[in-house]
Amino acid sequence: MSISDLSPLSAQGGSHVRAVHDEFHGDLLEVSMGPHHPSTHGVFRMIVTLDGETIVKLKPVFGYLHRNHEKIGEGTTYLGSMPYTDRLDYLCSMTNNWAYAIAVEKLAGQPVPERAEYVRVILAEITRLLNHTCLAGFLMQDLGCSGTPLMYAFREREYILDLFESLSGSRMMCNYQRFGGCRVDPSADWLEGAKKLTDRYGAFLDEFEALLTGNEIIMTRTQGVGRLSPELAIAAGITGPMLRATGVNYDLRKVDGYGVYPRFDFRVPLGAHGDVYDRYMIRILEMRESIKILQQALASIPTGPIMDPKAKLRGFRPKAGEAYGRIEGPKGEIGFHLVSDGSPNPYRYRVRPPSFINLTVLEDMCLGHTVADAVIILGSVDIVLGEVDR
Amino acid sequence: MSDAAPTTPAPISDAERAELRRHGILLTSLQELYTWGCSNSVWPLNFGLACCAIEMIAASMAKFDIARFGSEVFRPSPRQADLLIVSGTVTKKMAPQVIRLWNQMPEPKYCIAMGACAISGGPFKQGYNVLKGVDRFIPVDIYIPGCPPRPEALLHGLLEIQKKIKGFQIAGPDAPRHLRSDLECNCPVPEFGAHDIEPTANPKVWTAPVIVRSEKG
Amino acid sequence: METVEQIRDRLLARFPGAEISVITNPGVAAQHSLLLDHAHARAIAEFLRDDTTLKLDQCSNVTGIDWPEKKITETSKVSVPDPAGGPAKVVEQKTERVQPGMLEVVYHLYSIALRHGPVILRLRTGNRTDQVTVPSLTPVWRACEFQEREVFDLYGVKFDGHPDLRRILMWDEFKDFPMRKDYVEPDDYEWEPTPHGVVLEKAKAHYPAPPPAAAPATGGAKP
């Protein structure tokens, strides 16, 4: 089915309560899962109404990690918000940095040198590897494969974090990108290390997939669970791997072609069913494409300055106006909407959090399934609470 | 113990104990046995709040391997846990649940404030919904600075907890909280108010230190 | 894609009586936007979503913005004729006008089907106190559901027609709207280990003032 066939009208409607069979109809049970629950990936809470073991209603409750990112962003300078973006989605600090840098560069009309664009692509794709690997590990943990896949995922994470640390000085909170370039120039040794990681990563994915992808239990538990239709996904603003798992071909790296992505040859994997298994497979396939991008970018990275020499770091005051900049983060479209009044601080600093908006359809995906399924559906959405609640 | 000597016997010296041990006799005291047991199986609560939780998970994974120190058993239920690792920003909306979890943990229990946010609010201190340090409500044993602290730092904090437990006197006025009846173990849970949580601190565990402003400042 | 002006003209032809104006963005990004009136906002949104040449099927982002009442002083040069008959003098004249306060909701629309965007819509409330209702666009794009709740929670904009308008990030008993510019946060900065900047200013209020004996009022040497 192509997108143009879809009628957006059919995607309306909020929660539809499943018809309850009357014969053994008992009382409904309301269960509060979270904010402290080992499967909710942090302090997410959902109030689940159960008929027997079947979910008939699910209301997410947010705000347990609402740490006022946007208000703090209005009280600090443009550059001062950069370290805070690291703590939004704390698995993908590099892509958050990039999204914010792109928004500010749009606001101020700041060009970026070519080498910095390549470095950004390299870091964003390594971040994608990191995020998707950890997600697959956590998803398997939710499924009940206690330990092993997560252990493998975190082993690879350490190699990636070593790279980040040697480049930026910090494992998780990299604070690496600047308006008009990047903070430090990666050395030839670093690029060599990134190349080694890239060359090795395919073998790790083979190992990981041999363990998981064809596993009968995983297939039985995930296939057909948490289906999402492409119509609803588009209407609800779902982005990222979750949207592509429903078969909608929409990847901002291709659509917007930001950075130097148009120079690289890669494919956009698409799902067919929009269930948990598709969402898992999309991420594995995306990692394979990321490796391709990394190989091309590392082979063709040009020399040159890493920062635009005219870029202003201190006393940065963009003209009054506003801009919305977005990139394809590992979790979906991460965007920043900035309103400037000509002062050193943004007048309004808004983050478009992909995992928050992706949760819009959580209830629709969970209705009719069991609690055990709700746990893996939530796991397959890929949420990070720092970004959901900000 | 009915045939105990009326006077306190002289404590056995380390040299004598080593000598006995050479002969295959292991001699210990109840205190040593108790603190040795307690300190080497500190089970943390499987409770992640924010960014630091990822590093906490990393500490339990293969590279850092918290199991070397007896703490690999992350319990999802507070009823089975000894150690609350406050791993991340405690928001005002989350504070009542954190305190409730602390109250549900059985004694002996310990608390680590992991990361700048748990210590003082950290980078998010200016947030209207951010609690400026978890020690305003629950007693904290070890503070681990960092944003986030590396897994090694968490392991160091765990070793410090173990050191602290090994120093416990199990009887007398210096006994820890859980061995005394005159100290309250539970902390009152604050309520959601119209503008803030009420009360904003637990005066039994936290009072603001008095600092006199210098003339310049 | 059509320009914002073309879209406005087409909308005006389609919805006679609607008040639609283009808000120009003076910045480099030049992402201009359309200000809609409340009566036609939802019909226009549905039209934009279903129109074959636009097909704006994705509402990506919803932002709330607070604009408190602001005094704007404008300086203009006026030539005053000299009563004595000499050449006219140019005098600077200052006019003060009060820009009324309002809350604004901004929608960023994209088309997944046709891969273009953004088209930016704006809705404005009458003031910041009692006329804070705008029509909800959640029935048009489900993506607005949580984001409009967030704007309601943090700014106090009421969305008419929203299916489930409750606080989302703060607790239900909370009464304030914290993202408004005039929000005063609870002062719980009793003691800070490393105060600086704004925090230092707030923490200072809780420090006792230095004892009067130390005050150099008598001109005595400081220790």
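Residue numbering begins at 1 within each chain, and the chains themselves are lettered A, B and C in the order written.
The criterion applied here is as follows: a residue touches a chain if its C-beta (ideal position, glycine included) is under 8 Å from a C-beta of that chain, and two chains touch if they have at least 3 such contacts.
Every value quoted in this text rests on a predicted model; they were computed, and no experiment measured them.
Peer 1: Which other chains touch chain B while also touching chain C?
Peer 2: Neighbours common to chain B and chain C are A.
Peer 1: Have a look at A-B versus A-C and report the one with more C-beta pairs in contact.
Peer 2: It is A-C, judged by the count of C-beta pairs in contact.
Peer 1: If I average the Cα coordinates per chain and compare with the overall Cα mean, which chain comes out closest?
Peer 2: A
Peer 1: Express in whole angstrom the distance between the two chain centres, defined as the mean CA positions of chain B and chain C.
Peer 2: 45
Peer 1: How big is the gap, in whole Å, between where the Cα atoms of chain A centre and where those of chain C centre?
Peer 2: Here the centre of chain C sits 28 Å away from the centre of chain A.
Peer 1: Averaging only over C-alpha atoms, locate the centres of chain A and chain B and give their separation in whole Å.
Peer 2: 34
Peer 1: What residues in chain A touch two or more of the other chains?
Peer 2: 63, 66, 68, 71, 75, 389
Peer 1: For chain C, jot down the residues that touch at least 2 other chains.
Peer 2: If we look for residues of chain C contacting two or more partner chains, we find 169-171, 178, 198.
Peer 1: At least two partner chains per residue is the criterion; list those residues in chain B.
Peer 2: Within chain B, residues 93, 126, 128-129 contact more than one other chain.
Peer 1: Hey, which residues of chain A end up touching chain B in the complex?
Peer 2: Spelled out, the residues of chain A in touch with chain B are 35-38, 42-43, 63-69, 71-72, 75, 83-84, 87, 90-91, 150-151, 154-155, 157-158, 171-173, 385-386, 389.
Peer 1: Tell me, which parts of chain A touch chain C in their complex?
Peer 2: 3-4, 6, 8-9, 11-12, 14, 62-63, 66, 68, 70-71, 75, 106-109, 232, 234-239, 248, 250, 255, 318-324, 326, 333, 335, 337, 339-340, 347-348, 350, 352, 356-357, 359-361, 389
Peer 1: Contact residues on chain B for chain C in the complex?
Peer 2: 93, 119-120, 125-126, 128-129, 132, 192-196, 200-201, 208-215, 217
Peer 1: Show me the residue ranges of chain C that touch chain A in the complex, using the header's touch definition.
Peer 2: Going by the criterion above, the answer is residues 25-31, 49-50, 55, 57-61, 63, 65, 106, 108, 112-113, 115, 118, 120, 139, 141-147, 154, 163-164, 168-171, 178-179, 198.
Peer 1: Quick check on the complex: what are the chain B residues that touch chain A?
Peer 2: 46-51, 53-55, 57-58, 61-63, 76, 78, 88-89, 91, 93-94, 97, 101, 117, 123-124, 126-130, 147-148, 150
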